[in-house]
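Each of the next two complexes has chain A plus one more chain, namely chain B in the first and chain C in the second.
Our next item is the complex of A and B:
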């Protein structure tokens, strides 16, 4: 199993200083990502879900070192990414890519589609001018864009088409690992499925490994093999898609699944519903971060921090009672 | 071949949008006419801004002197043409100097932040907290008034505009997702600055450049009007206006001050209109006006 691991995240933490004293000494921190450990297997799609502000995007960006993590290890193919210097990390970016949430914001408005998709080749100086253009055309065809669109500017495209441009740019260097940060959240429901299917298709064709970040449980369910649930910067449950949806162990996961709206007349909410807000990540609750909202909370929950344990084979959960 | 032509279409669009902006075109035509006039008129006409016509002290416009003569009998039209050379030159060159100093400083302050930001932006604050006219007067008094000191002083003191503008733009652009996405594909700092940040901050800088040019022309004229700028016998629009300090001239010899005054206003307005036109033209999201 372990040689199948592409990327192993170990105790990854990212703190932001939220308040400084007059002399610049940090007084308090926001714990955006708090001691996250997980493995991502070759060729799989790992979904990451959670409410907004739970640190999913920070996790994705820290893994690619677009945000420098505070501590932890990122073992990629046996090498620690955090041990690489700037130039080595730059070289590494050929293998690691990111697809952004908002295709309206993630394309430079001053560049044509050709230049946008070609940019990674230009940056790494790959191939001759003609070869690069040929490669771009190949990518455009792959993601469903036509050759005539090559010299247009991003503002001339619809959201779905722009996301195709973003995808084409992300895969032109044949990466191994792609972090998809809510790639369909900004899109109309009607084009979501198209883009999701495109991602799936590309994964099969080019042997990609995805980390798919989303707040939308139905989207995550559709695309993922395994799913990690995050709450306040921590992973509270990690399991295969079926195990997670059929037999959720963590109360938070149960509550999330309960909250999925179903198109069914007169359906009653059977299980639990969450009340209150997510506590502030500046002063997270003691013990289990979820105990303030958990209907099953006992004394131990506010005192001891539950570890992420393998409750059943391949099904990890951080709860004292799971 | 065809691909190449299409790739230029952005600039063609910009050009098209600019030419369909009416006021900007009026401004451009006026500035072009002025430039052509001050450059080529002395070659095709016999213009002498320095020699006194002893028969024509304070002469009103006539066939010999179409805009009359000043108190020393020098031809006003000739002085306007030569003065225009000086005024436009001071305006343009000092704006270029401001740009060359301010743009990189603003870029560094915004992009690298930290200690750079503190040093550069706080010095800009200090520069801006001096009343610029007084500072210019003091510097000109120290270095002696001449075309080049005036240009240099106005130019150097103008860097704060560009630095602040560029700084603000970089701050907003560098947090855009497309910059992050460029980092994600391994783009180096220099390329990021040149291909992503500067092009996306270019429009406001260009517009500010036009306003800076207009402002510098006004500064030069004010200085010359106060006698601290371009020194006679050399002409500039400002020191032609110097004559209007006398009430006699103001009330009885309008040919001495109305033409340079109109030229100044016209030039400054035209440059500002060009700036407005450029702003609209460079905004790629603007539709082409029919």
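Our next item is the complex of A and C:
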């Protein structure tokens, strides 16, 4: 099994200082990612779901060290990414890529499509001028853009096409691991399906491993092999997608699944609706972070923090009663 | 005709800019029954928000104008009213909830002040104290815990769901809401909060008998809220039907494609998602004939030449040549 692990995240934590004393001593922290451990297997898509502020984007970025984690280990192919120096990390970045949510903000409006997609090759000084252009054209074809479009600027493209440009740029260095941070959330429904299909096709063709971050549970279900559910910086449940959707163990996962509006008329709900808001990550509740909203909470929940345990094979859950 | 709270006939709204005139809403007609919920669905740029703004006459005067049509509210044409008359209706008998609660609220005014202000604008006789009491009541009605404390807070101190509740509270403040127009009220919210807001709106519809016109792009929200659905595409209405027959039997190829391209929870990920090819056409370069013809898998000669009228088939109104025969 361990051969198959591409990236092993161990006790990853990221705190932000939210308040400082007069002399600059930190007084309180935001626990954006709180002791997260998980393995990502080669060639799989790991979906990460959760509500806004649960730390899913911070997790994605800390894994790539775009945000420096506070503590924890990131074992990538047997090497700890956090132990690498600047030069080694730069070299490693070829293998690690990120696709952002907003294709309007992640493309420089003054660069042509050619220059945008070519940029990674320029940065790493790969190939001659002609070879680079050839690679760009190959990528454009792969993501469904035509050669004539290479001298155009981003504003001439629609949202879906821009996301194709972003994807072409992300895969031109032949990465192994791509973090997709809400890649389809800004797109219209009819275009969203095109981009999801493209991501799946690329994964099959180029043997990519994805970490797919999204708040949309039906999209995550469609694209992922395994899914991690996050709440207030912690992973509360991790399982294969079928196990997670068919037999969710954690009450939060159940409530989340219950809350998705499905395109089916006359659906009966079991009536489990969460009250209140996600608590502030500056002062998270004691014990289980979810106990303030959990309908099944007992005394122990407010006292002891539940560990993420493997309740069934491959199905991890952090709940005292699961 | 008394059961219709709102009737829109042939509404056309145009915007003019440097590059010429763009018709954002092109002669659409629909009506809303009293006490029911109409959802307008469509992708970005299809004119759904402009329709809502047109009804309240909130189209910015320097760039756009309502070029034609009638909007009958309670039998009276809103487009013929003087600014004073429309102001009495706007926010009072017709209220609007916008998508983005952060821009909808004033950041330098406490929440309480804003709700009180909304109450006092519509009810000149009420005293400040009474208005404050009423505000507390409305805020607790929309499910804000400890409303007395929240009244003293500023919008940035509230979470997104709380702010959206305040927006709804302000929309309700006038008391007699015959029509509530909600423009993507839950798009910026998380699913668990979205479920709370939607059930709040449903409760409102049932208890107060308000009619709701809800604009959304989320078919899941439509299935949950709507009695009737209007599907818009590129400034035109494409299909109008009641919600259950729209979902079970979508007639227009666009509606069908839209429904098929949503990943279902029951869908295996081995199957490729259905896609509608291409992109939404640019409003300034509309295809001749049917607007969906450039992306439609069934498009034939006639579709590229003449715009189809509305055909009535199986209780649906559908703008597609496929149903020309069926109607007869």
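Definition applied: the second predicted complex is superposed on the first by the 318 of 322 C-alpha atoms of A that agree within 3 Å, B and C clash if a C-alpha of one lies under 4 Å from a C-alpha of the other, contacts with A are read in each partner's own complex, and residues count from 1 in each chain.
Note that a contact is a pair of C-beta atoms (placed from the backbone, for glycine too) under 8 Å apart; a residue touches a chain by one contact, two chains touch by 3 or more.
Because the structure is predicted, anything quoted here is derived from the model rather than measured.
On the superposed chain A, the two partners chain B and chain C both fit, without a clash.
When the two complexes are overlaid on their common chain A, residue A:64 makes contact with chain B while staying clear of chain C. Rounded to the nearest 10, the superposed model shows the Cα centres of chain B and chain C diverging by 80 degrees about the centre of chain A.
In the superposed pair of complexes, A:124 makes contact with chain B only, with no contact to chain C.
Legend: residue contacts after superposition of the two complexes on their common chain; A:137 is shown touching neither chain B nor chain C. In the superposed model, A:221 lies in contact with chain C only, and not with chain B.
Legend: residue contacts after superposition of the two complexes on their common chain; A:297 is shown touching neither chain B nor chain C.
By the document's definition of touching, neither partner reaches A:5: not chain B, not chain C. Contact with chain B, but none with chain C, is seen for A:109 once the two complexes are overlaid on the shared chain.
Touched residues of chain A, counted separately for chain B and chain C, are more numerous for C. Once chain A of one complex is fitted onto chain A of the other, the partner contacts of A:84 are absent, as it touches neither chain B nor chain C.
When the two complexes are laid on top of each other via chain A, the two nearest Cα atoms from chain B and chain C are 7 angstrom apart. For chain A in complex with chain B, the residues that touch the partner chain are 64, 66, 90-91, 93-94, 97-98, 100-102, 105-112, 114, 119-120, 123-124, 150-151, 153, 155, 166, 169, 173.
Contact residues of chain A toward chain C in the complex are 51-52, 158, 160-161, 188-194, 196-197, 200, 215, 217-219, 221-224, 241, 245, 255-256, 258-267, 273-278. Within the complex formed with chain A, the chain B residues making contact are 3, 6-7, 9-10, 176-178, 180-188, 191, 195-196, 199-200, 284-285. Of all residues in chain C, only 43-44, 145, 159-162, 190-196, 198-199, 217-224, 243-244, 247-248, 257-259, 261-265, 267, 269, 272-276, 279-280 touch chain A in the complex they form.
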